[in-house]
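Pasting the structures here.
Below, subunit A partners subunit B and then partners subunit C, in two separate complexes.
Right, the complex of A and B next:
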C-alpha cells in the first residue's frame, strides 16, 4: 500500500511539473479536463487484481505501479537517427504522422498541417480529403469535433490508465474523414519509442468518420531499441451514419516495455468498423477494445492476433454493446503462446433489452506451444432480448499432430511444417485486413515474429 | 409473446406449496456459538465434530464481519439477516426409528403427496430413500438390502455415531469449511444429510435417493451429504427437493461432497424444485449450494446431472476435482428460470492428474422475467498432461423480458490440453414451430416438443423415473409461455 502511495506521489509531482511546463498554453477547458482527470487518477490509482475486480483478475500491473516513469523531453535530435525505412508501408502514398517518444516529428510526417487545413469551416466541406493532423493543432484551432468527443467515449474516470492519459493530454493524432469522402490511401499513425529508459508516453488519438465516408487507419507502435518504458495509449473513434472504417493496430514494443491501450468506439446507423489488432511485442500488454453499436444496422468486426514469447503477458479485453436492434458483431481473436508467456482473452457481448434481431458471434482460439505458457480465456455473453442469434466459442490446443504428420509425409521438414500450420492459423485474422498495403506490412511483421519462434 | 401468456406463465401454480401440520422442535432464531453447541449437543455429537463446527463458525463470523459475502454472481437479493434464521427444526418427538410404522403419520402423508414411494419400499425395493424433513433425516429405507452388500446408507448423524472413522476421514475433505461463505455457514450449523459408503468392488444394487423437504417457517435448511465410493464401486444417487409456499425467503445452504477412489464411479442426479416464489418475486427459496466431487483415484468417474426448475435464486456449481490419472468428470444441467427466478449455475472442472477428461453440457431456459447465467471454470494445471475438455452451453429464450448469460472461464497451464467451448443463445425458431404446426401439433405442444429436444442431451442421462419427472416438470413449468 505504501509503495502504491509513493507511486501516486511521483505521478503527482510529474503532473504539476507538466502543468507548469507548457500545459498552460492550452485552452481553459482542457486544463479543467486534465485536472479533473488527475484527481480521478489520485482517487482510482492503478487497477489491482484484488478479489472481485474481475476485469483485472489475470493481469497484475504492479510492475507499472512500482516503477517511476518520466515524460520525455522534446529533443530535436531524437528523430535524426530514426530510419523510417523499416516502417514504410508498401504503397506510393500515405497520410503519415510520426511521434517519437510522444512528440510530433514534422520531419518524418507527410502531412503538412496548416491552420486552414484544420479550420472548422473547411472541414465541413465534402470531398476535401481527410484531415490527418496533430491533436494539439486541432485543439488550438478550436475544431468543434474535438471539444465534442474528446474524453466522451473514454471517460477519464474509467480506470487509472485512462485517467493518466487524459491528465497528460497535450498532443496526439486527430483524423477526420469528411462526409461522403472515400480515402483510398492508408492513414498511418506511427508511434516510435527510442527506448530511452523509463519514459512514459500517452498517445491520444481521435478519429471521426463523417456520414458515408470510408477510410483505413493504421496505428503502429515500435521501439528502436530495448528498454523499459510505458506506452499508455487511448483512442476514441466515432462514426457517422453509413461510414465504413477499417482500423488496424500493430504493436511491436520492446520486450521490456509496458503497453496499455484503450480503444473506445461509437457507431451510428449502418456504419461499419473492421478492427484488427496485432500484438507482437511488449513485456506486459493490456488492450481494451470496446464498441457501442448505438443504432440499427451498425456492424463491427473485431479481429485480434497475439503472440506470446519469453515472459510476455498479453491481455485482450473486448466489449461489444448491442444497444439497438438489428446490429451485428463478429469477433475472432487468436493467440500463439510460446516460452513462459501468458495470454488472456476476455470478450464481453451485451445485448440490451429490445435489441432484437441482434447477430453476435465470437471466437477465441489459442495455440499453446510451450509447457510453461498459460492461457486464460473468458468469453462472456449477457443477453436481455429474445429474438437474437448469439454464439461464442473458445478453444485451447496445440498444433494438430495429424496435419503435421501429413505435411512431413509429403517431404516437408518439421520446422517448415510447423510454420505453415501457424501461418494457416493466423491467416484468418490477417485476411481481415482489407487494405493490401497494410496487410502486407502486418503480414511481414508477423512472419518475422513467428519465423523466429517456430 | 403476449402479456397474457407472460401472466399465465408467472401464475403457474406450484403444486408442492402446502405445509404439514406436525409438531416441531426448533432452535431459537439466530446464530451464535451457543446455537452451534446446542445443535451439536442435540445430536449427541463427539467432541471432534463440535470443534470442527466451531472452527467453521468462527471462520464464518470473520467473513460476515468483513462483509465478505460472495457478490460475484449475477443475482440480486436483499441482504440476508443471518440472525433471523432458525438453524435447526425437527419434527417431534425424535425417536430412534426402527421401521416405517414408527414415523409420524403426518410426515408419511407428506411424502406420499410428494409421490415418494416410502411405503412401497418393502415391496418394490426399487429405490432406497433417505427423507430429510427440515433439519433431520426421518428415515432411511431399504437398509437391510443394502447392508447385505455392505453398503452404508444412513443419515450423517447416524454415521457420525456408527462410522466415526469414515466421517472423520472424509468430512470436509472435498469442501473444507473455509471454501466459501455458505460452506462455512453449513459446516457450522449443518443438521443432517445423507451418508453413503460403497465398499470396494460393489455395484450398489439400488438407486439411492434423498428427498429434501423444508416445512417449518422461518427456518433454513443446511444439510450435508457425503458419498464415498471405494475402489471399483459404483453408485447412482438421486436427490429431490420441495418446500411450502411462503412469503418469506428461506435459505437452503447445503454442502455435498463426493469421493471416488480408484476405478469408482458416482452418478449424482438432482431434480431441484424448491418453491420459486410468486409472480412478483415474493418468497421462494434461496438455494445457495456447494457441491463438489473429488476423483481421488485413478480411472474414477463422477457425473453430475441436474434439472433446476425451482428456487427464487439458485447459486450452485457442482464441481469435480480430477485428481486421479485418467479420471473423468461430467456435468449435465438443465436450468429453467421463469417468473422472477434467478439462476446462476455451472460447474468447475479442475484437471490435476494426467489424461483426465471432462465434459460439460449446460442447457439454460429463460422465460418471463427470469435470468439464467451459466458460470463455469475449466482449469488445467501445469502437471495435467493430456487433459481434454468439451463444453457446450446453449440458452433458449422465451419472451423478451428474460435474460440469458454465459460466463465461462478457461485457464490452461499445460500445452498438451485440448479445451473446447461452444455456446449459443437463440429463441425457439419460428420455422421449427411452423413445421410442427403444419404437421398438426398445437403451437403449445410444438414448443414443448422443441424444448424437450433442446434438453434431451441432459435428460437422457437421468435414471428413468427421474427423466419422466423432469420432462413433466419442464412441461408444467413452461405451459403458457409460447410466443
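Right, the complex of A and C next:
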C-alpha cells in the first residue's frame, strides 16, 4: 500500500472535496455508506499482482494507481456537442438514459422518470412498464429496493475499485422491471466520455428484475475523442423468481483509456440471465462478471468477446457460484488478439456441497493474429458436490489455414477471407444476443473493429 | 486450356510429383486414376494453389498464362475450380454469405456488376434446385454438420454458382452411396456449359460410367504411367494398378 501512498492521498483530497460539496444532497445513510467505502479504499488501496493475490496475477493496475484522476465537472457544453446518431439503436422505441462524463444528461435521455414512477406503491403494481431512471432520484424518493440492494451484491470492501465506486456514489442508473412485466423495447444505458484527460467516472447501475419479468438491458461505454481517462463501473443485478433478463455490455472506450468494470448478479429460483459482454476498446480493461445462483432452477449464460489491438490489455474474470441444487451455467468467451495485445480469461466455477445436479459448462477460445499477441487462460473449478456435470475447455490458435485456402479457392482474397473467418469465430457470441436491435448494433460495432463486413 | 509440363512438386520436403505432363483442351473430360499415394490429390492441390505444396520444377499454363504466378484466389477468378475431397467445415460462416463473397469477387474481376444479398438469394435458390439441395441448407454454416453426401453436393452447388471453365474434381465420388453418386454425377453433367473442361481425380472406375471421360491417365509414383481412352479405366478395374505398374516398368 505504501507504494501508492501519494496516489491515495490525492484520492483522499478528492473525496473530502466531494463530501464538502455536499455530494449533491443524498440521505444520511448514503453519506455513511460513502465514508465507510472510502475507508475501505484507504485500507485496501489498489489491487496488486503480489503473491497470493491470484485474481490480479496478470493485470497490473500501477498505471492507474500512479495517475491522478479528477472527477469530471458537469459541463453542459460538453453534452451539447454530443451527436448521438452513431450510438442509436436500430429500433423505433427504446428506454434510454445517457450519462456524459458521469453526469446524467436529460436532453439526450428518452425518459425522465416521474416522481410517481418511483414510488414504491406504484412499483408494486403488476403490468406497469419498467422504471428506467436516475439512481439519484431512486435514492431521493426512498425506493426500498435501493436501500435493500445497493452495495449488498458488490460490497465496497471487495477491492479498491469497488470501494472507490461506492465512495463516490452520487448518481447512476436505476432499472426496475415490475413483477410479471415483459418489456419489449431494449433499455439502453449509454455512458459517454468526452475524452477530457485524466478524468474519472464511477458509473453505477442497479437492476432489479421482479418475479416473472422479462427485459433486455444494454450498457454501452464510448469515447468521443480519445483521452487517458478512467471508467470505474459497478453494476448490481438482482432477479426475482422466474425472471428472464438479457444483459449486454458494449465497451468502446478510447485506446488510451482505463476501463474497470465489476458486475455482480444474484439469481432467484428459475430465473435466467443471458449476459454478453463485448470489449473492443481501452488500453487496460479489467472486467469481472459474477453471479450467485442462489436457488434451484436458476440458469445463467455468460458470453464474452474481446478484441485486442495495439498494446491493449484485456482481462475477463468470471465467477459462477452454484449455491443451490439444479442450477445451470454456460460460458463462452472468445478473444481475437492482434498487435502486441494481451488477453486474460479466468473462469471461476464454485459448486457448493449441496448443489447436486449442477450443470456447468465453460469454453474459452482465442485467436492469436500476431506473434507478439499473447493470452493467459485458466479455468478455476471448485466442485464439492458429486452428482454434477461440469465441463471446461480452452483453446488458443491461429486462423484455420485449411479454411483460409477453401475460401481463397472460391475466388475470395486474403483480407476478405480472414475477415469472414474472424466473423465466423465471433458469431457464436454475437448470436447469443437475443434482442435483434441490440445484436445488430453490437455486430456493427464489431464489424467496424475487425474491418470489412460480415 | 491447361498445359502441364514436366511438373515436380514436394510436400514437407518429400517429392510427390516427379514429372507430370498433361494437356487439357476445351470441352474435354480427363480422368486421372491411380493408387493411394500416387500423387493424384497433390496434383489437384498444386493446380489450385494450396499452401505447403511446393513446385520444384516444370510449368503449368492456364489459357497461356503462368498459373504459378497467380495466387489461389486469382486462379479461381480465372475460372479454375477445385472440388475438395474433404470439404472444410467453417463454423459461424454462412454458406450464402461465403458463396456470395466468392461470386462477387469473380464478377468484379470480370468487370461485371456485383449482386446484392437479395438478388444473390434468388440465384443461390435456383442453383440449389438444380443440384437438388434444400435451400435452407444455404443458410447454415459452411459444411458444418453436413453428411459426407451433403458436403459433396455442396461442392456441386458452389460449382453451379461459380460456373468455372476448368473443374478439378478430387475424389468427388468418395463417401457417396450409389444414389448420391448418380445425382452428383448428373449435376456435374448438367452444369457443363460449352467450353467447360473437367479433370476427374478418382481411385475407382465407378464414377466414370456416369461421367464419360475422353481420356484416362494413370498416375503411378508421381508420373503419368499410361494414358488411353475409357477402355483403360475398365482394364484397371479388372486387372488392378499392379498391371499398369508392371507395364510402366517394362
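Here is the rule we use: the second predicted complex is superposed on the first by the 447 of 454 C-alpha atoms of A that agree within 3 Å, B and C clash if a C-alpha of one lies under 4 Å from a C-alpha of the other, contacts with A are read in each partner's own complex, and residues count from 1 in each chain.
One rule holds in what follows: a contact is a pair of C-beta atoms (placed from the backbone, for glycine too) under 8 Å apart; a residue touches a chain by one contact, two chains touch by 3 or more.
Quick caveat: nothing in here was measured; it's all calculated off a predicted structure.
Legend: residue contacts after superposition of the two complexes on their common chain; A:29 is shown touching neither subunit B nor subunit C.
In the superposition on chain A, contact of A:373 is made with subunit B only, not with subunit C. Taking subunit B and subunit C in turn and counting the residues of subunit A each one touches, the greater count comes from B.
Of the two partner chains, subunit B is the only one touched by A:385; subunit C is not.
In the superposed model, A:182 lies in contact with neither subunit B nor subunit C. In the superposed model, A:396 lies in contact with subunit B only, and not with subunit C.
Here subunit A touches subunit C in the complex through residues 400-403, 405-414, 416-417, 420-421, 423-428, 454, going by the rule given at the top.
Residues of subunit A touching subunit B in their complex: 52, 54, 353-354, 356, 366, 368-398. Against subunit A, in their complex, subunit B makes its touches with residues 1, 71-72, 380, 382, 395, 397-427, 483. Listed in rising order, the residues of subunit C touching subunit A in the complex are 48-51, 71-73, 75-77, 81-82, 84, 87-88, 90-93, 97-99, 101-103, 105-106, 109, 141-142, 158, 162.
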